[in-house]
Every structure is written in C-alpha cells, then in structure tokens.
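Two complexes, one shared chain (chain A), two partners (chain B, chain C).
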Partner chain A sequence: MSSTGAVADERIRKTSRLRTALVRPELGAIVGVIAVFLFFIVFAGDSGMFNPQGVLNWSTVSAQFVIIAVGACMLMIAGEFDLSVGSMIGFAGMSIAIISVTLAWPVWVAILLTFAICISIGALTGTIVVRTGLPSFIVSLAFLFILRGFTIFFPQTIERRTIIGGISDRAAGDWLAPFFGGKVGGPFFAWLGDQGIIAVFERGTRAGQPVVEGIPMLIVWALLLVVMAHIVLTKTKFGNWVFASGGDAQAARYVGVPVARVKILMFMLTAFCACVFATCQVMEFGSAGADRGLLKEFEAIIAVVIGGALLTGGYGSVIGAALGAIIFGVVQQGLFFAGVESSLFRVFLGVILLFAVILNTYIRRIITGER
Partner chain B sequence: MKSVIRKLAVSTIAATGLAAGSAAMAEDLRYVMVSHADDADAWWNVIRNGLALGGEQMDVTVEYRNPPTGDLADMARIIEQAAASAPHGIITTLADPDVLSGPIRAAVDTGIDVIIINSGTPELAREVGALMYIGQPEYDAGFAAGQRAADDGITSFLCVNHYIAQPASSERCQGFADGLGIELGNQMIDSGTDPSEIQNRVMAYLNANPETEAVLTLGPTSADPTIMALDQMGLAGDIYFGTFDLGGDIVQAIRDGVISWGIDQQPFLQAYLPVIVLANYHRFGVLPGNNINSGPGFVTADDLDLVAEMAGEFR
Partner chain C sequence: MSETVHAPLVEMRDIEKHFGPVIALNGVSFDVRPGECHCLLGDNGAGKSTFIKTMSGVHKPTRGTILFEGREMNFDSPRDAMIAGIATVYQDLAMIPLMSVTRNFWMGREPVKRLGPFRFMDFKTANTVTMEEMRKMGINLRSPDQAVGTLSGGERQTVAIARAVYFGAKVLILDEPTSALGVRQTANVLSTIDKVRKAGIAVVFITHNVRHALAVGDRFTVLNRGKTLGTAQRGQITPEELQDLMAGGQEMVALEGSLGGTV
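Our next item is the complex of A and B:
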C-alpha cells in the first residue's frame, strides 16, 4: 500500500525454501565434511581407512571430539569459554582411578562421585565468572592449571606414580561401568564375522572373533548428546535463553532471561561432557594418567568454530559443532592413513581451521545481513 | 667370476628397483613405528633417522607416527589405526601397558608382527605377544647410574623430571635413589618442559637446598636448561652432574667437564634394529632368539669424539 519507500517487515519477508535449507550455521561444516571424505576416498581409499577397523577408528576419535564439542558449543553460544576441559578430562579420570583403585570403593560410586565433583567444579567456574564479571577465558585458564596440578599431585603423593592402572579389574561386573566402557551390537558383529563380511582375528586368544566387536558406548554417548543438545537448543524456551544470554546478556536480562543461571548451567554441562569423555576413556583403557586430555580444550573449541559458531557468542549450532568434530577426527586419523608425514598434521589443522572460519564468516553475513 | 656375476646381478636388481621407483617399494614390506613422544621432543629425531636408515638399507617402506601432544590415549588410537592399515609389522613403545596392551594385542592377533622398543620391559613385551623387546630397562639404568654416583661419593641429589606424567621418568629417579641407597623423597622436581621454567626451577631448588651434591637430568629437554642454570649459579663443573640421553649441548658439557657422564641408551639401535630384524624375519624367516638391550652405556669425556660428531643425529 505504502509507496514511500517503507520496506516490508523483514520478519514476514519471503525467502525461498532452497535458501532456507542452505543458508544455516552448519552449511560450512556440511561442505567441509563432504570435501574431507572426498579427499580421503581419493587419497586413502585403499589404505584400510574405509574397512571396518578403519571406520571404527576414525569414528571413535570423532566421537571423542563430538562429546566435548557439544559442551563447548552450548557454552560458546551462551557467550562463554571453558579452557579447563582438557584438564578436567585428566582430573576426572584420575578421580575415578583414585576412588576405585586406591580407596577400593565400588566403581559405580567412583563414577557418580566423580560426576558430582566435576559438575560442582563447573558450577564453581560458572559462578566465579558470573559474580566477578571476569572474562571466562581467564577464570577457566586458572582452572586449567589448578586441575592439571591436582591431577599430577594426588597420584604422585598417594601412589608415587602418575599413572594409576588396574581399573579394568575393579570394573569387572560393575553395573555402571558398561554404560561408559562397553560396546553395543556384539552379536550383530559376531554374525558379520561369521558371514565373512568383516575380518576376524587370525591368531591369539581371540582367534575367530570379528576385528570389530561392537560399537563403543563412546559413540552412543556422542549421538545422544548431540540429539539432546540440538533439541534443547532449537526447540525449547531454554534454548532461546542460551542464544539470548550469549547474544546480548543485558538485553536478555531486561526481558527476564535468567542469564546467570543459564551460563552457570552451561559451565556445568561442559564439565559433564568432559567427565563423560574421561569416564569412557578410563573404562576403555583401564588406567588414568596425569597427561590425559592435554590441549583437548582447544580441540573442542576448534571443532565448534569449524562448525560455524561465533566466538563472541549468541550464534551457532550443535549439529555444526558435531560436524566440525567429525571433520577434525577424520582429518587427524585420515592423514595417518594417507601416509602424510605426521609432523605436518598441525599444518593441515591450521589450514582447515582458517578455511572453515573464512567460509563461515561469509555464510553468517548472508544469514544475518551484516556487512 | 662368480663374484662378478653376483655383482652384476645385484646391480641389475638395484637398477630395476630404482627404475620401478616407489611403486615397487610400496609392493614390498611396510613397517609403521608408533612412538609416545610429542612433536617437540628433540630426542626422537635420532629414532627417526635410525628408522629411515634401516628402511633405506633394507629397501622397505617405514612410517613414523606419534600423538602430537604425547597423550597416550591418542597413541592407542594411532596403534589401532596403524593396525587397520595392515602393515607387515608395527614397531611401538609400551609406555603404559594398561592403555596400549589392548590395541597392541589386537594388532598381533590380526597377524601383524610387533616389536616393542624403548619404553616397556621384556616381560610386558612377551605378554602382549610381541616378537621381542629392544631397549634399556629404565629402573635398572637409573640404578646403575646411582651405583656409579655412590662410588663417586654422592649422598644427595636433585632429579630434574621434565615429563613426570610418564611412569618411566619416575623410575629413572627412583632407580638412581635406590642405587645411591637413599630415599627419593622430595629430591625429584616436576620441571615442566619450557626451557626457562626448567632453568629457574633448578636454580630455585639449588638455592633452597644448597647442600645438594648431585644433579640428575632425564634428557636434553631438562639437561640443556640445567647446564645454563649451573653456569649462572657458578656451580658448573663443581656440582656432580649426570644425565640420561645425549644431545649436542650435553656432549659439549661432558667435554667441558660440566657433566660427569651421560647414559646413552643408543636410541639409534632401537629404531634401526627392529627394521632389520623384521625385514629379515619376513624375507628369510630368521629371528634372533632373545631380546636386545640397546643400552645402558656411560659416555664420558674419554670416548667423546665419535659421539660428538654424531650427537643429535645418530647418537
């Protein structure tokens, strides 16, 4: 009706289906995943990367990244960082080892207690950040050192060594341990082995058993976390609060979003994810070491950024972060398969990161209309 | 005549090999070495050189893999990955049996021959089904060094541990203390891996404990900054200084009389020999009947010239 240049309300502006489907935070990551797989099918297709063992190998590594990336992603969307993820992994693993092996408590108690401790530390980090208004970068950096220090100090003091083993023996028959260290689909894989579809062990105590025994719980956890986090973030009121807290905390407070609570909860989620990672690792390998999880915080953040989230908060996607984690995991293991000199791994990582960020920036500009 | 024919035959084969290029090599034997060292650990350069030379001499393909941050859980994944790529043999360290024995055992069971080098023990190597162990038992080496120091009249020391998260490192210090016949107690410090931090921590410890008679470092990473620390404090050549492993600066310090001895576990052999052993095993079915000790050997100012020439490259 108005012909005097009044633009139609942008909220009801029509956009084509194709555009809606394509222009989303995780577009860059989707393109990346396709590119990465194409690359490795060409250069490492016959190297064993795509046989059952190979697939399990990079899937497991990717799932590890996915687990910590989900926490890091939610937290980053809420506008904060957690640099203590790697140290938290080492700390949680050591906590389980000390409680179950040194104190000889049941493994399920050790796991539950460790989750409680880690989530409390996450809450503490969050509370300090919210109360003091200090950048979470600094606060969580402090916890990076504090937790790593304790992870070395406790076993060194109590057991006079920095790796505590023997958890596998303690975990045998425990009801909670299989939820982290177990494998699902064993009979199915045994059947595949019998049918000759996948290879079996040629010798040793496991001769005749399939080389892939089942899908590790690590991968199940990764899928679960992604689905849950994605639903919470995109389909619930709380998800909107997370975006609002990270986008503009002050504006969010004005409209009644409990910003402090949201942020603290996200710190607790990050700690929870780190703890899941650590528990799976400890249950699989049967030991906890003081050097576990080094630099994992940056790997989580890299995965999230490749996945299209904005470092300054308020924008991102869990699916994107998961895809970013898959890119990271596939590239890391794939370079080995492709026979690339291992010291060049970091070069590739840097290049991929740079490309992903540049691509994501362009996509975001298209979406938000910023210049 | 016979030898001429043989020479001709050999050179023809060599020429064919060269002409066929990497394609023919790839068809041949392929071995993967997986270490526990992070990217920055300079000591492993000798291992890589030894590995490359072994591969070149035996005309086999060798690959080197390591977890970039030294995280042993990552290393387990790399061993699984190496096994999935189906090489003829895997050469690996056994830095933490809990973490690594599963993947190594699985590799052995899929029909891949494994040799354990460096970290680990002959017993552990047998348990995981490896062909053999090639290395220097850590505790024993520390113990031997401790006995040597005890003979020189030492009763207290500082152990500068730059990779405390690895159990082998503490065993070296513990062995040294037991060799001296004293308690380890607080004489081992976690120095971190940053050169200036190591230097400052050593200075801080020696200032706080001036009665310390000896310093033990666990490799070039901690030895080089410790040399600088002693220089600054005027203790160089005065305090009894022994170190594990060799490197350019360490050799110079032995020559200068700052370091009394360096324990050489001869890493070159730990990388070179497995390739030779595996290649001959796969080609001719011959295998030495026992584990191989690559060390320990004490390097002092007397036998330094050859060592100095090769330090950091093959020694």
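Our next item is the complex of A and C:
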C-alpha cells in the first residue's frame, strides 16, 4: 500500500523482504503450483499433457475445482464450513434433469428454478447456523445427508432409476444452456487451426477442424468467479466485513458489522458455486446422476486450505484457493498422463493437506506474534 | 483540569440494576464532564462491569435515570449509545489480531470511493488517516498493513482508543485498559488517556489499580457492593484512603499491615 512517510521508530525491528513475502496466504500454493508443473514437465512432458488438448483437459478439471473452491474459500474466511457442497452438486444436477426431462419444462426454466432452490437451501443452512449458534460443521453435515437422500429418492420414485439422461436434446436451442455447456472463442481456434498453430483433425467427420474447438464455459465461469470474489474480498467494504466476521464475530458485531447477514450470504454463495458446477456438468454430460459430486465438499475445503486460508476463519485468499484447485486438477490429470495408478491421487491429497496445514499454522504464528 | 466548568456530559442518577434476585447496582450516581478523566474504582464483584454496561447501552437500568447532554436517554443497544457518542473500549473485544491495523481501525465504517457503478473501499484514505491518528497517539506503525496481532497489548488498546476518538466519541469508557499490561505499556496507555482528555473528551476509566487511577484521574468514585462510596477530587484523597475504600475498610488495614504496606 502507499507509504505515508511516518517517522520510523528505532525500536521497530526491520523485517526482511523475504519474511514479508512469506507472510502471504498464497505462498504455499504458489510454491505448490510451480513444483507440480515442474514435476509433470519432467515426468509427463512428452505424454501430450502440454499440447493444446492436454492443456484443455487439465484446465477443465482444474476449473471445476476452482468453482467450488471460490465459494468454500469465502465461506471459510467468514468463519464457517459447508459440508453439503458435494450433495448440493448432485441435488442441483438432478433438479435440472427432473424439471427439464421428466416435467418437460424448458431448460432455462429448469436452470433458473434450480439456482433459486439451491440458493434458498444455502440461505436456510446459513440461517440455522447463525440463529442456533451451532457449528456449521454439524448443520451442513445434516444437509449433506438430507440433500443426497433426496437426490436419490426423487429419480427413484419418479423414474425408477438414478441416472436421468436426454438433457442434451432438451437443451438444444435453449438460450440459457450455452452459458453453462457452450464454448467460447470457436472462430479464434478455427483460425489457429488454419494457420497451423494448433493441430487439426486429419480424418473422420471433423476433418479440418481444430482439435480444440473453444474454451468451455466452465473455465470462463471459474475465471469470472475468481476475479469477482478476489475483488470483493480485498477491495470492498463487504470484503472487510467477511474478514471481520470470521476473525472475531463478537468484535465485528460490536462495531456494527452485520455478521449474521454476511455469513448467510456466504452460504448462499457456496450454494451458487455448487449450482454453477452442477449445471456445467449436466450440460456437458447430458445427464444427471444421483452420485455426482461425491466428496467434492472435502476437495473444495482442501483446495482452500492449500491456498492458505485458516480453518478457524478470518484469514485467506481467493487467489490462493484457486491455485490450490489448480494443483488438484493438474495432479489428478497429470497422474493419468504419466501413467500412474490414479488411486495415488488420494494419497497425494492427504499428504499435501497435511503439509499445507502445518505451513499455515506457522504463518499464523508469524502474523499474530503468538509463540 | 479538575476545575471543569462544563455541565456533565453524562449523568447517572440513583441507578439500580437487578438481575432476578441479585442486586448488582443499588443506587449508583456518577457523572463525567468534557475534558475530565473520572476514575471508577472497585474490587472484583463491586459492580463495575454492570455499571459500564448500563452506561454503554448493553443493560437497561431497573431504576434510575441517565442524562446525556442534559436530556434523559434510553439506549436500546450499544449501537445507539455509540451513535450518540458513547464509545466503550473493552479489554479483550477491541481488535481482530489477524486483520491489518487499517482494516481494524475502519471496521464497520469503511471509507468508500466510487468507480463507475462499483464502490470500493478507499484504502489510500484509510491508510493515511490510520497512520496519522496512530502517530498522534504516539505509535509509529511500520506499515498500515501490519496485522494487529503483531502489536503489543498496550498498542492494541491505543488503536482502539484512537479509533473511538477519530469516530467522534464524546465519552470514552475504558474497561480496565491497563490490567493486563506491563509497566511501560501501562505508562503508554495512561499517557494516551491523558492526550484524549486534553482533547476535550470525557473519559471514564475503570480500574482496580489505585496507582493507575491517581496517575491520570481528575475525580475518583469508588464502587463497593453495588453502591458508590462517594466521589473525591484530585488532591483530596491519598492512595491509602482510596485503597481502603475499595477494599471496604478495616480488614484491608490489617492485611496491609502484615504485608508491610506494599499492596
């Protein structure tokens, strides 16, 4: 920030630039991203991971993680958790499928209604947490089961199956569906193909078309959410309230911060993010399954923690969370490119989570001066 | 400073506060004038906390009247009292350690600048004002981004006091600001209290330390078992007399004798 020309106090110990740089929430994640890329460039550099299709592949997977990590990050900084994210993803997808396929309503109605329902559920979770003062861990755990139960119950009862397909046909020609399932920059990639900058298909029905037809809306949503959330968190009054609500709710309330409203809004944001994830997924696959989104809540939380946020709230960074999510995406897909058994991904998750938490605790001590 | 000609800013008359069968305050009268530091002394359980909470709008008195600038007031919440100009600095609830000094200073009252349809927090103004206000209180921050957690307990109290003053407090209630501090930090906080008083703000200084009270106080009121035992002017009372009043007389004399007058 701006220097204000204060007279330096000789008693204040000079802090080294390195130490100042260390005390940033994103540090661990930046180091992690560099390490992960170096690793895969060395071990999977010639596997196609870094050609246009490969990049698109891990970018898309990373973007999925980013979308839910943004919501989880803001909520965690505000001092709460949402364990119902994964169930919410399944629930939202199923809601779109039932409304658009079973009820045969237009897809845009299905999407908007689903967003409204999910955000309301987020608001309900938040209200219960704020009103009862119970840990959000428990309240959202309840919703994890409630939502997953309904996600299986409705398609079972109505359609006698747990996967509903045929959404692609219903979405054809819909005005809202391309905002989630579409791709942008098609002409640009076609031009790149024509110029020979990226490869084109050589035979088959798509001969002459570029191997990458455009950037999926999923990635656009991820970028949009990161930029918006980062600006709101670091540059606005509301962002200050988010930090304050998570840092010390009582102190914040005392100076007039509407802590309850801030927290409920963050639960609604998390639900919104889960819903964006689900809608993009449903539009991509053309179907909704009752088991979608399993364990996503934990992956989101891990990405956020790798990104430097404190589990206790009041400290963290959206950029860090996004980098944490990218680490996930790159490693999950990178192991596939490197030909490593994919179950090792979970081992990696556990190990990196442990390292991240230890590093964060250390950083917290530096900031707060605790010993 | 002791001969203030101003009318009292806050006057509390015969305040009683009952919690069910417990009588926490039983007829307390107290007033504070602009530019004066009025110390409220009392041992643990004397009713100090209940009293300041009544003054700052947390509790409603069971009986008695509160006059603010000569008018009868009924605060519904601490927020009401704050808007009227009564700011309370609690010992532990003042600051959020993980947030920067600037973010803490402006918390709940962030300055905003417009940029097209968007409204951003004006960090440039916020930082400049924070550094300036802290300098006035004698604290040179390394940077306004510095987390409050890196400040000492005394400095945190000072940030809280500076914040209250900057946002237009007319009455500043300090709840045991020195009780957890070391010698040097205590001296710093006391000198801050002195500066604030000289700026014309009415200070209510709650403490159980007679020395700290005598260092900055203009008047002293002792609270014991929910009652005021009288108010003394500066110079009219000795530390020993104050100590006696707080402890309730005779037993303390005996105790002090055995400790060689060091308490």
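As a working rule, the second predicted complex is superposed on the first by the 344 of 371 C-alpha atoms of A that agree within 3 Å, B and C clash if a C-alpha of one lies under 4 Å from a C-alpha of the other, contacts with A are read in each partner's own complex, and residues count from 1 in each chain.
What we mean here is this: a residue touches a chain if its C-beta (ideal position, glycine included) is under 8 Å from a C-beta of that chain, and two chains touch if they have at least 3 such contacts.
Just so we're clear, the structure is a prediction, and the values are computed from it rather than from any experiment.
> So, does A:Phe201 touch the first partner chain B, the second partner chain C, both, or neither?
Touch status of A:Phe201: first partner only.
> On chain A, which partner touches more residues: chain B or chain C?
Chain A has more residues touched by B than by the other partner.
> Mind working out whether A:Lys237 is in touch with chain B, chain C, both or neither, as first, second, both or neither?
Once the two structures are laid over each other on A, A:Lys237 reaches chain C alone.
> Applying the document's definition of touch, where does A:Gly314 land relative to chain B and chain C: first, second, both, or neither?
A:Gly314 sits against chain C, while chain B stays out of touch.
> So, A:Val257: does it touch chain B (first), chain C (second), both, or neither?
Only chain C is touched by A:Val257; chain B is not.
> Is there a shared patch on chain A that both chain B and chain C touch, and which residues make it up?
In chain A, no position sits in both the chain B and chain C interfaces.
> Touching residues of chain A toward chain C in the complex: what are they?
Listed in rising order, the residues are 1-4, 6-9, 12, 15, 235-237, 239-241, 243-244, 247-248, 250-252, 254-257, 310, 314-315, 364, 367-370.
> Which residues of chain A touch chain B in their complex?
Per the touch definition, chain A meets chain B at residues 47-49, 51, 53-54, 56-58, 60-61, 152, 156, 160-163, 165-168, 199, 201-207, 211, 281, 285-287, 289-295, 333, 336-337, 339, 342-343, 345-346.
> Give the list of chain B residues in touch with chain A in this complex.
Those in contact with chain A are residues 39, 63-66, 68-73, 76-78, 80-86, 96-99, 102, 105-106, 108-111, 129, 164-167, 170, 190.
> Would you tell me which residues of chain C are touching chain A in their complex?
It is residues 78-79, 82, 90, 93-99, 102-103, 106-110, 112, 119-121, 123-124, 127-128, 131-132, 135, 140-145, 147, 149-150 of chain C that touch chain A.
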